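Chains: A, B, C and D, in written order; residue numbering restarts at 1 for each.
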Amino acid sequence: MAPDQPFWRTSISRVRPGEILVRGHDLIELIGTRSFGDVVYLLLSGELPVRGEGRMIEAALVAASEHSVVAPSVDAARFVASAGVPLQAAVAAGIIGLGDHHGGAVDAAARLLLDAAETGKPVREAAEEAAGRVKDRGGRLPGYGHPVHDPDPRAGRLLEVASELGFRGSWCRLALALEDVTESVFDRPLRMNIDGALAAILLELGLDWRLGKAFYVIARAPGFVAHVFEEQTRERPYRDVGWERVGYDGPEPRPGP
Amino acid sequence: MAPDQPFWRTSISRVRPGEILVRGHDLIELIGTRSFGDVVYLLLSGELPVRGEGRMIEAALVAASEHSVVAPSVDAARFVASAGVPLQAAVAAGIIGLGDHHGGAVDAAARLLLDAAETGKPVREAAEEAAGRVKDRGGRLPGYGHPVHDPDPRAGRLLEVASELGFRGSWCRLALALEDVTESVFDRPLRMNIDGALAAILLELGLDWRLGKAFYVIARAPGFVAHVFEEQTRERPYRDVGWERVGYDGPEPRPGP
Amino acid sequence: MAPDQPFWRTSISRVRPGEILVRGHDLIELIGTRSFGDVVYLLLSGELPVRGEGRMIEAALVAASEHSVVAPSVDAARFVASAGVPLQAAVAAGIIGLGDHHGGAVDAAARLLLDAAETGKPVREAAEEAAGRVKDRGGRLPGYGHPVHDPDPRAGRLLEVASELGFRGSWCRLALALEDVTESVFDRPLRMNIDGALAAILLELGLDWRLGKAFYVIARAPGFVAHVFEEQTRERPYRDVGWERVGYDGPEPRPGP
Amino acid sequence: MAPDQPFWRTSISRVRPGEILVRGHDLIELIGTRSFGDVVYLLLSGELPVRGEGRMIEAALVAASEHSVVAPSVDAARFVASAGVPLQAAVAAGIIGLGDHHGGAVDAAARLLLDAAETGKPVREAAEEAAGRVKDRGGRLPGYGHPVHDPDPRAGRLLEVASELGFRGSWCRLALALEDVTESVFDRPLRMNIDGALAAILLELGLDWRLGKAFYVIARAPGFVAHVFEEQTRERPYRDVGWERVGYDGPEPRPGP
């Protein structure tokens, strides 16, 4: 870094006395006139919505907003909250847990759709090939199948909203084609889950596939807050699983060498 | 914990095959029909909005959404991002940093308003007493004054929106009364900043003052995502401040004892 | 900050090409000649040990190193690990959880000892007053009593080691006096736990009471690593509590307003 | 999970009233008789040292313990600390930052050594091939070269200690062979850095290569504590980079669409 250069460089926003510019737009003008979804789109894409992208994002955020303590990230946030930490620190522990087996399936599903599309083949053929490659590697098809829901009602509803708002394009078709081929490729039908739907919508919105986890990071924030607050105001401090409930299968008592 | 009791208990949501119930409401029905602000309000208060609370929350989230690398939490997220970690982990580092001197001023300002109101005294008198107590303790008045902005344009705009949406009630009046008395109490005018406005709005919405940091935790999530993504896609890995730029004022080289 | 000043200033260490100076000592000379406990003491106190402080610290770190999944911080780290995140990110989730009800009891217990000592009264009288004040506030006595162990065998062993190494001074005596008065003050004997012993040792070592959590932060790091690694290499990804095991006590299904 | 099975299963430790068993060893017997390095080895490998592994680990921990604010993880921890959060939460932000471009180079370097060894070829040939593959992929050789130090004095000293303690075996030889071939493969000599030395030592100790980051996670904990404490006790709250120092290269002010 040259000594005469600023340490930080950003294209996201500019702060000066009395001014906050976000991607070229005066933040003050956005307050009360633009939805949070619009601003999410602005922050992630660099542009304000021109055809309802903010509404599509709000629907996606609502869909991903809460799934109770069935999500391991929420369990983590509540355990941490019980230990006596500030609200935002407990939320952060939950957010760390939006990992590759959690929110990360959106990235993977979006990458899968991109790879299929890049073959240039007809939709069904591209879907079969893509699913086949996943099967050959012995992996799971990201965005399809769910441990609790069959089908996942969030996926279907998200695609409906995408239709209503004009975002049910070629990425949604490809995602549905993948669903169609699962029975023949994997010998059992795998229904599109919320991550598969979010992946298709991410691409319909023109966002980078590597932003897949962003939906969960943003959407789950208020749910983490609610769980942390409930843990800290309604439950006993220091959540204890109980030593009797732990199964130990290490070495029996032994002397040191 | 009795052995026949569930390990987890929550009033926030219920997940069963094909069902996600949030505070008694079917999540599927909320997707595409309710704003994210409505769902934030539902998660935090337990009820869906009845008089525009969701729009007020969206305005608050937009106002708090981005303040560039001038916020230390964003610097933290970018340093961590540069070290090669997944998006959500770098965002989490930023969220941890929404501490008592950052998003925490909303809690403190809301607590100040509550304490003042609980005296039962006329607004101006209550404001003078509250500001006086802070001064006597040698502290800063949380929610007033800003290191960059004078005045902070977000505060004024938020109060305007509160007027438009019918949320400019007694808490806003008390917050403005506090602003009015700063010149006489602190010998210089301290203008309401975004945290002061958020505190008043938090109370107008009937939310618990301890949820003050929630606004920042939720609002900043997309900005953290944008900064982490920019750092990881546009800057060199392993952001290095440069050893020449570090001032060391510890002991000079010395032998061990 | 003046433009000609370095952005960072630290008295902890200096890095130049070929040189790493820690508190004035050449790091290279410490490698292989000094224990990790010596370096922990150097980093925290600013000085290398002169009378066995490093050995005392190592004993404290060993005592606090592991308490299985009975600690909520470990549960948090394992839930996060199961979601598919890098090792250090899952460990970080655990470390966040070393909160005021966890590692934080060391700070609180050390503060209690300091407050008692500052009265200048005889040991037993000071202990009675200090315990009485805690009881009057309706609080728990930090550092005494344990949900699983009665007594906590780590406390007794740590005091033994303190004797052996010459660190059983006035702070240990005061901590034992507090144990002695619990029966009369709280109507039941509360035995010193590991946090109480760590607090006394912290003060015997001349360290700042606000560093109480440091023992846990450092000591638990390898245990967090072991738990995260075990979770990621031996358990199924995405640890699921099972929706059947969750008790929901929120509103029953209801229509929107 | 079957309902009659414990929720948690672990081979690391067992807690019962009055008992803490770590990998089969009574924790109480380890306090004051075993070094922290011994216990780190026990936690990570499952066994107590039999030939000085704990001393080798302590040397490695001391070597990796501190590198000032030149490490981005430390900058992150200090920014977060300045925002007013508990000590352990700020440390956690730093630990998140021990990512793939930071502590993660140890994993990558260990993997490189394993891949080279698995070819079964003579050392120099295996080293040339391994370095060549890295070069062909356009990558950096993990564990070699350093932005500040040339050579990194920690690497040489660690290998010396490995000799003294009997851990300078075939993995160290292979690591040195890699250093030797860098000049011919990359057209400039790349000296082994601390990560390369830690990788070799990790394998000499028989530990899993995926534990590479563990050295940094454990070793840096006290340094993070020291930096967080210094930031919170010596510097002004809310570390501010200064808006004048930020370079904005996004769109100029523009109206909304």
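We take it that contacts are C-beta pairs under 8 Å (C-beta built on N, C-alpha and C of every residue); 3 or more make two chains touch, one makes a residue touch a chain.
Keep in mind that what you see is a predicted model, and the values were worked out from it rather than measured.
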With subunit B removed from consideration, the chain sets that still hold together: one piece
Subunit D against subunit A, contact positions shared by both copies (same if over half, else different): same
Label of the chain whose CA centroid is most distant from the centroid of subunit C: A
Separation of mean Cα positions, subunit B and subunit A [Å, integer]: 22
Euclidean distance of C-alpha centroids - subunit B vs subunit C, Å: 29
For subunit B, residues contacting two or more additional chains: 7-17, 30, 34, 68-70, 75, 85-86, 88-89, 92-93, 96, 98-100, 104, 148, 240-243, 246, 248
Subunit B-touching residues of subunit A, taken from the complex the two chains share: 1, 7-20, 22, 27-28, 30-32, 34-37, 39-40, 43-44, 55, 58-59, 61-63, 65-70, 75, 78, 86-89, 91-93, 95-96, 98-100, 103-104, 148-151, 153-154, 157-158, 160-161, 164-165, 208, 210-211, 213-214, 216-219, 221-227, 229-230, 233-235, 240-242
Residues on subunit B engaged by subunit D in the complex (per definition of touch): 7, 68-70, 72-73, 75-77, 79-80, 82-85, 89-90, 92-93, 96-102, 104, 147-148, 237-243, 246, 248
In the complex with subunit D, residue positions of subunit A that touch it: 5-17, 21, 23-26, 29-30, 34, 46-50, 85-86, 88-89, 92, 96, 241, 243, 245-254, 256-257
